[in-house]
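Note that the chains are named A, B, C, D and E in the order they appear, and that numbering of residues resets to 1 at the start of each chain.
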Amino acid sequence: MTIQRDPTLRAAAAILAAGLAAGTAAADKASDTLTVALDMEVETMNPYQSTSRMSLIASKMMFDTLVWRDPKTGEFAPMLATEWEWVDATTLDMRLREGVTFQNGEPFDAEDAAFTLNFFSGPEAKTKGQSSVDWIESAEILEPFKIRIHLKAPFPAALEFLASPIAIFPKDYFEKVGFEGFETAPIGSGPYQATEIVKGETITFVANPNYFTGGARPAPKIGKIVFRTIPDLNTQLAELMTGGVEWAWRIGKDEAEGLRGMPGLTVADAETMRIGYLTMNAAGTGGETPFTNLKVRQAVSHAINRQAIVDNLVPPGARLIPSACFPDQFGCEQDVATYDYDPEKAKALLAEAGYPDGFEFTFDVYRDRPYAEAIIGDLAKVGIKANLNFAKYATVRDALRSGGSQVAFLTWGSNSIGDVSASTSNFFKGSADDTYKDAEVAAWLTEGDASVDPAVRKAAYSKALKKIAAEAYWVPLWTYPYTYAFSEELDFTPTSDELPHFALTGWK
Amino acid sequence: MSEPPVLELRAVSREFRVSRGLMRGKATLRAVDEVSLQLRRGEALGLVGESGCGKTTLSRILLGLLPPTKGEVLVDGAPLSAKDRKARARRIQPVFQDPYSSLNPRKIVSEIVATPLDVHEIGAPADRAKRVLQTLDMVGLPRRVAESYPGQMSGGQRQRVAIARALAMRPEILICDEPTSALDVSVQSQILNLLLSLQKELGLTYLLISHNLAVVEHIANRVAVMYLGRIVEVSDTAALFRDARHPYSRALLASVLTPEPGLGVPDTGLGGAYPNPMDPPTGCAFHPRCPRAMGVCRSRRPEAAPTPTGRVECHLSPEAP
Amino acid sequence: MLGFLVRRLALAVLVAFTVSAVSFVLLRASGDVAVAIAGESATEADIAAIRHQYGLDRPLAIQYFDWLGNALSGDLGRSIFFNTPVSDLISERLPVTVAVGALALLFAVTLSVPLGVAAALRPNSPIDHLAMWLAVLGQAMPSFWFALLLVLVLGVWWRLLPISGTGTFAHYIMPAIALGYYATPAIMRLTRAGMIEVLQSDYIRTARAKGLGTGRILFKHALRNAAIPVVALAAVQFGFMLSGSIVIESIFALPGVGHLAWISLQRSDFTVVQGIVLMLAVIYICLAVVADLFNAWLDPRIRVS
Amino acid sequence: MTAPLLEVRDLRVEIPLEKGVLNAVRGVSFEVARGETLCIVGESGCGKSLTSLAVMGLLPKRARRTAAALRFDRQEMAGLPERKMARLRGDRMAMIFQEPMTSLNPAYTIGDQLEEVFLAHRGEGRRAARARAADLLERVGITGAERRMRQYPHQLSGGLRQRVMIAMALMCGPDLIIADEPTTALDVTIQAQILHLLIELKREIGLALVLITHDLGVVARIADRVAVMYAGEIVETGTAAEIFAEPHHPYTRGLLACVPAPGVTKPGEPLGTIPGIVPSLIGEMAECGFRERCPLALAECARPVPLHELGPRRACRCVLAAEAAA
Amino acid sequence: MSAPDLLQPVVSPRARAWRRALRHGGVLFGGAILLAIALVAVFAPLIAPYDPYAQDLSQRLIDPVWGPKGSWAHPLGTDQLGRDYLSRIFYGARISLLIGLSTMCVSGLIGTVMGVAAGYFGGRVDDVVNFVVVTRLSMPVILIALAVVAVAGSSLTVVMAVLGCLLWDRFAVVMRAATRQVRDLEYVTAAEALGMPVRRIVISEILPNVLGALIVVATLEMAHAILLEAALSFLGLGVQPPTPSLGLMVSEGRQVMFFKPWLIAIPGAALFLLVLSINLLGDGLRDVMAPEGRS
């Protein structure tokens, strides 16, 4: 293969377009089968066994939760629980839906709900996402269709977790087959049942004909949904264009541009709660660095042309963010100190800080290499040389916690929780992830987290976020939109929770 | 005979561990089996025997390239192990069979001949060059070949270079392992003439290993006959060719095809099977092939017995104890 | 026979032991699995708990010998991510890798051996030059690039072959080509060189002097002897194909051990990687032994002394 | 007079090289009668092996063969296609090579390789082939033929392998055997045995033998007739007795003088030598090939020298010999 | 013919190999391309039209000059960050050559020492080397590279070190075989019989005569190292961006390859050409060193 000459290129484009039409024509509305490309394998559909997004997506198909959180409005709605009531700050009563059966015919009742909560919050289950269950003290059966949940401490986010990932398992079946058996033949009460699992390759879901009506989630619309693991995004695109799959997501900006022109495909963008940011080692844990100097941090903030990156590299729908949280989260103060793109000012600040000729540092990155490269390019323009260290997330995080990292480019999805306690508090409240160790900020955040009064909380968070911005601990970057591409016959609506809801999807 | 032998082997043995193939374990091969041999100053001792009988192993022991498993090597009556490698190298030098592989193809002739002088740091570098040229004269090579690479020379010329290298340090003993068997007859005679004249001029002592008995008869004063790791007979050349004592020596001599038409090819009476050296026959190692084997040959190994001109290991020998 | 096998087995055990120890240390040093399991929202306490749960807070040497002891009794441990025994994971995915590797080898051999033989029969002929150019071009082609081009041209532009997955035989064709073409030049060269050497050998001259037909000389007398080094090379290449299919398996979305190793490494699922490394080492050594045995069958000089 | 079994007239072998065409065999003519032993003797590079290979049609691919006549039992072989030539080889004319170590295929048993010849030329089945092979092995002095036939070449010593090669050559009962240095790689004792065997077989079966060698001792003991080759040409022919008793060509004389011989040379005395080196055979040669080395060279030697008949089947390529004969 | 002509000028084996090399098509062709690439690589700072790191997001993904929107301002277009592709290719060749050469040197040194030691001493040493080689071969390169890079980071130096420490096996195997062959020749025995020290025997008698094999392996391993670095970079384990590595460029361009195929075609072709030239040179050298091989 050599370099493509112009005529060939155009011919290729023509073939491509023609072929694509043929490919999508064969898309399987007719056979009522939707094939979906996922870049990671669903290692388990048991949401307690995994913290991965793929597991969560699959478990949403298979299982119901007590509470449903509407992906569009963020409102909580009844699902397996029909109504709930806070008895006090640590006691939650829930009335359960009657007449629901699991996919194997086992009827659902309080036994199942209480068992699930008790078992998976206990030590025996070795639940991987401990933070989603460790707030539960116990669950108690009050009536055959009513349970009471005891919390260890007041926990505002309890409903969030009850909506996801706490899926309700059939007690009898689970106790019979155990972890191993459940792994290969999971049973839930959700709209789809996994009928065939080819390890590493596909999972086939078939609509559950007996799915209960009356909940917030409607009955399944598509007969069969196949999850295909295609690790290479490139291959996903190839399959998408040739009709091998009808749905793919997390598509890059340039590819999306290319796909937008293709007949038969819909390309949609949706903002998520994920934000990107740079964190700088301001406290100097692990040794003195230039970044302990406020002027340097400000210079870095001024040096990065965030708008240009958002315009050119980030998929459409991204917003620049001024403060250390997702703008729509409760308590996310927007009126904070901002740093416009101003390389001259950055240079001046660097000179003031004693680095007229700039300096070098190691830049830890775990994803989105092009963005990182663009940031490196911007920093180079003011004389700062960033040496990219592209590593696994775990490695970067280790480095951060041990103080071995100077600057890291990170993202945060807040577990799709619309509250600053799930974002800012995570990083500035004195935990292991708090590398700044700003006692004042930590105190404000603690105050905000512990209160149930919105006004008090808001005020406390505002103070914290203003200081974070003034100190330029972070360079808040932008929100992360996801780009989806799917067959135009598909009626799919992207949501901001980073969870494609196939159970809500239908054909046009 | 008051002078001690310039080189002496005393009951020298050498064993090898030999792999017998993929599926089997290793076996012990006794390539040289309690060999005692003396090399007198100024003589040419011929060593003859079939391939695989241990001739080459013996020569490597003499050169110090292989340590003997048992026994002693003495130079001028002193054990060899006491002398260091370099001292031995100054006195004993080899000439090999294959003039194509015995010269480093990447070096020119003068470098090759000068190598011993360099290694032993003999003389100043300028003297070395002179000595190299002298040595080339000595072996009858024109001085202009000094700048040639071996690849440009004929087999005979290469063998002369190899001899020149061996002579560069003026050693006393040359171990010549089949020095002419890779050469054409017309070249062979030139090299043999050279060896003879060098011996006269320099008073060299030779150990001449050869399977060509005509060559041995022509050059050697004494001959040692080797069979399956043992010296079965030692004798003065003339005596051996006239009246060999050991049946193997006789068979060997009978097999020599001299260029005399009309004599036909003799039947040696030896069987076809050369014994497996890893599993040597009991008693006299030669008995399975010996046309005159007796019962005792199968069970007992004959002792060496002196003869008027040497010694022999055979139960048939009248001198046998 | 037995002695040989025992010695090779001893070597295999020693190599496997060394490989496992080295990779154990390397892998543990390369990241903290506990952090990876806990996910991005985990707290320090979560991580510590996980570390303790999985025994990751014990001294490294103890962890290793613990693992080794289990491995010796056939238990390779559990994947932390999949929460399944590593041996199950491997046995689920090995068939895909082996199938692709075997097809790749088949592709390489069926292309290279006839070509090598033809080239050897007529040195400097057009077919020889063609073979040589194929070899040189093939060896210069980066395999990931070649795989992408295959996807682009055969999969997207021409739509000849399915792009990814394992549904049908056709699914395996592109991966097998992408994996096998790199081995083709080496096998072809060796076949050619071996054939040329054998054809010049004295026993081929003897065979001709016996008045045997050309086909008989070629296939009975020449090919068998020329095949000996080729078999060893093919075995080695097969071993490399099994371990070298990471890129290919990712691009073609094949659920094989290569991709399993890759994702497991990325999220520090050591037990899995450890198990795969051990398995690959054992397979590699076994292949070498099998090649030896096969060569012993081909060449009686090795078999009997 | 009956026609000779093998008749070679003006055989030439040319090998194109980068530097030019190597005229390795330059117009060699000889004939061999049934039951006769011809020894072709010469030093390395004189073209004796290529001559034998040319007769058998076994030359390497790049070598070119031309001949005025190349007749075996009155059949012209010069233009014969490879398939017909193959039918002749191994059947009516067989060959034995120098290296018994490498001339047998290491991958197959002795029995297999013996039977193969028979199966290729005679449609009498494997059983007959096996019987014939066993018979011949015994005949060449290998005991326990059944066991030997199951063995592989490397399990046999060099002498035994050469016996196997001889048995293989005899499988189809040939009229002619060409042996190219059959004993050079062997020990003297084995050499004597093998030659002894060849002579016996020849006498019993009555086959003709062409023996290529450089060893004058072998020539003297085995040859009926001798052809001395030098630089791609036959320089002298005659019976063994004639050649050894009264060599005419200076090269033949020089060669004989080089070899120590009992009664002729004295131990320790210098041997005769031939000074100089073999001329290059690349391109055409316009003079006597031996001129540069010849102690008796004359001005006439600067022209190509023809072969002078000195008597019935006695000839010499030397101007001096021509004068002596005249 | 073995007709030695002492009157002809003295030509060393090396000079003869040179002369043959200069008449060998593959050597000339491969050598010429490699030389051209090497010159481009060495003088990249002088001839590259742009700074390969200079990004301009307003100039992203410009077509190459033959494309519909191409211009001579960027002959090969620009990449996703608006960097000049031609300049990046020049610098990429530089990185590739640097990695190829350094790997060749490091692994050549390790492998030669091991191979020569095993071939010369045999016995125990050979067994140990054999064990090390088998162990090395049974460890998958990519997994090891991945682990090491995870530990040590993936700077250029680390990549060079990793490749150097991984690719010595063929050197060891070939050098072992070559040394064994030479070791049994009589001129080595002669040197031993002279009392020449082992080190000197190895340096003056053995190494010059295995040099041919060494050079051939070295070129092939250089090509191998370049390809492996590209593969590692493709996986994100090699050289780190924004350093222009050809493998990395293919990796970065692949997402858009369906729409802008030149993004992977150009660096891929450059890589291909580079490796091809080295292989042609190596192949040619093999012919030149062993002239009986192909004539």
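We adopt the following convention: a contact is a pair of C-beta atoms (placed from the backbone, for glycine too) under 8 Å apart; a residue touches a chain by one contact, two chains touch by 3 or more.
What you see is a predicted model; the values in this text were computed from it and never measured.
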{"item": "Any chain in contact with chain A as well as chain E", "value": "C"}
{"item": "Interface with more contacting C-beta pairs, comparing B-E to B-D", "value": "B-D"}
{"item": "Longest centre-to-centre distance from chain D, chain (CA-based)", "value": "A"}
{"item": "Computed distance of Cα centres, chain D from chain B, in Å", "value": "32"}
{"item": "Whole-Å separation of chain centres (CA-atom averages), chain A against chain C", "value": "37"}
{"item": "CA centroid of chain D to CA centroid of chain E, Å", "value": "51"}
{"item": "Chain centre separation (chain A, chain B; CA means) in Å", "value": "86"}
{"item": "Touching two or more other chains - residues of chain C", "value": "30-31, 148-149, 152, 156, 301, 304-305"}
{"item": "Junction residues of chain D, two or more chains touched", "value": "44, 277"}
{"item": "Touching two or more other chains - residues of chain E", "value": "2-4, 150, 254, 257-258, 261, 268"}
{"item": "Complex contact set, residues of chain D against chain C", "value": "56, 58, 82-83, 86-91, 94-95, 97, 99, 102-109, 116-117, 120-121, 152, 154-155, 165, 168"}
{"item": "Touching residues on chain E, where the partner in the complex is chain C", "value": "26, 131, 134-135, 137-144, 146-148, 150-151, 223, 227, 230-231, 234-235, 247, 250-251, 254, 257-258, 261, 264, 268, 271-273, 275-276, 279-280, 283, 293-294"}
{"item": "Chain B residues within the chain E interface of the complex", "value": "60, 63-65, 84-86, 88-90, 92-94, 96-98, 101-108, 112, 115-116, 119-120, 142, 144-145, 147-149, 151-155, 157, 162, 165-166"}
{"item": "For the chain A and chain E complex, residues of the former touching the latter", "value": "1-6, 9-10, 12, 16, 233-234, 237-238, 241, 252, 254-255, 257-258, 305, 308-309, 311-313, 362, 369-370, 372-374, 376-377, 380, 387-392, 395"}
{"item": "Chain E-touching residues of chain C, taken from the complex the two chains share", "value": "11, 14-16, 18-19, 22-23, 26-27, 29-31, 123-124, 132, 136-137, 139-145, 148-149, 152, 156, 193, 236, 239, 243-244, 246-247, 261-262, 265, 273, 276-277, 280-281, 284-285, 288"}
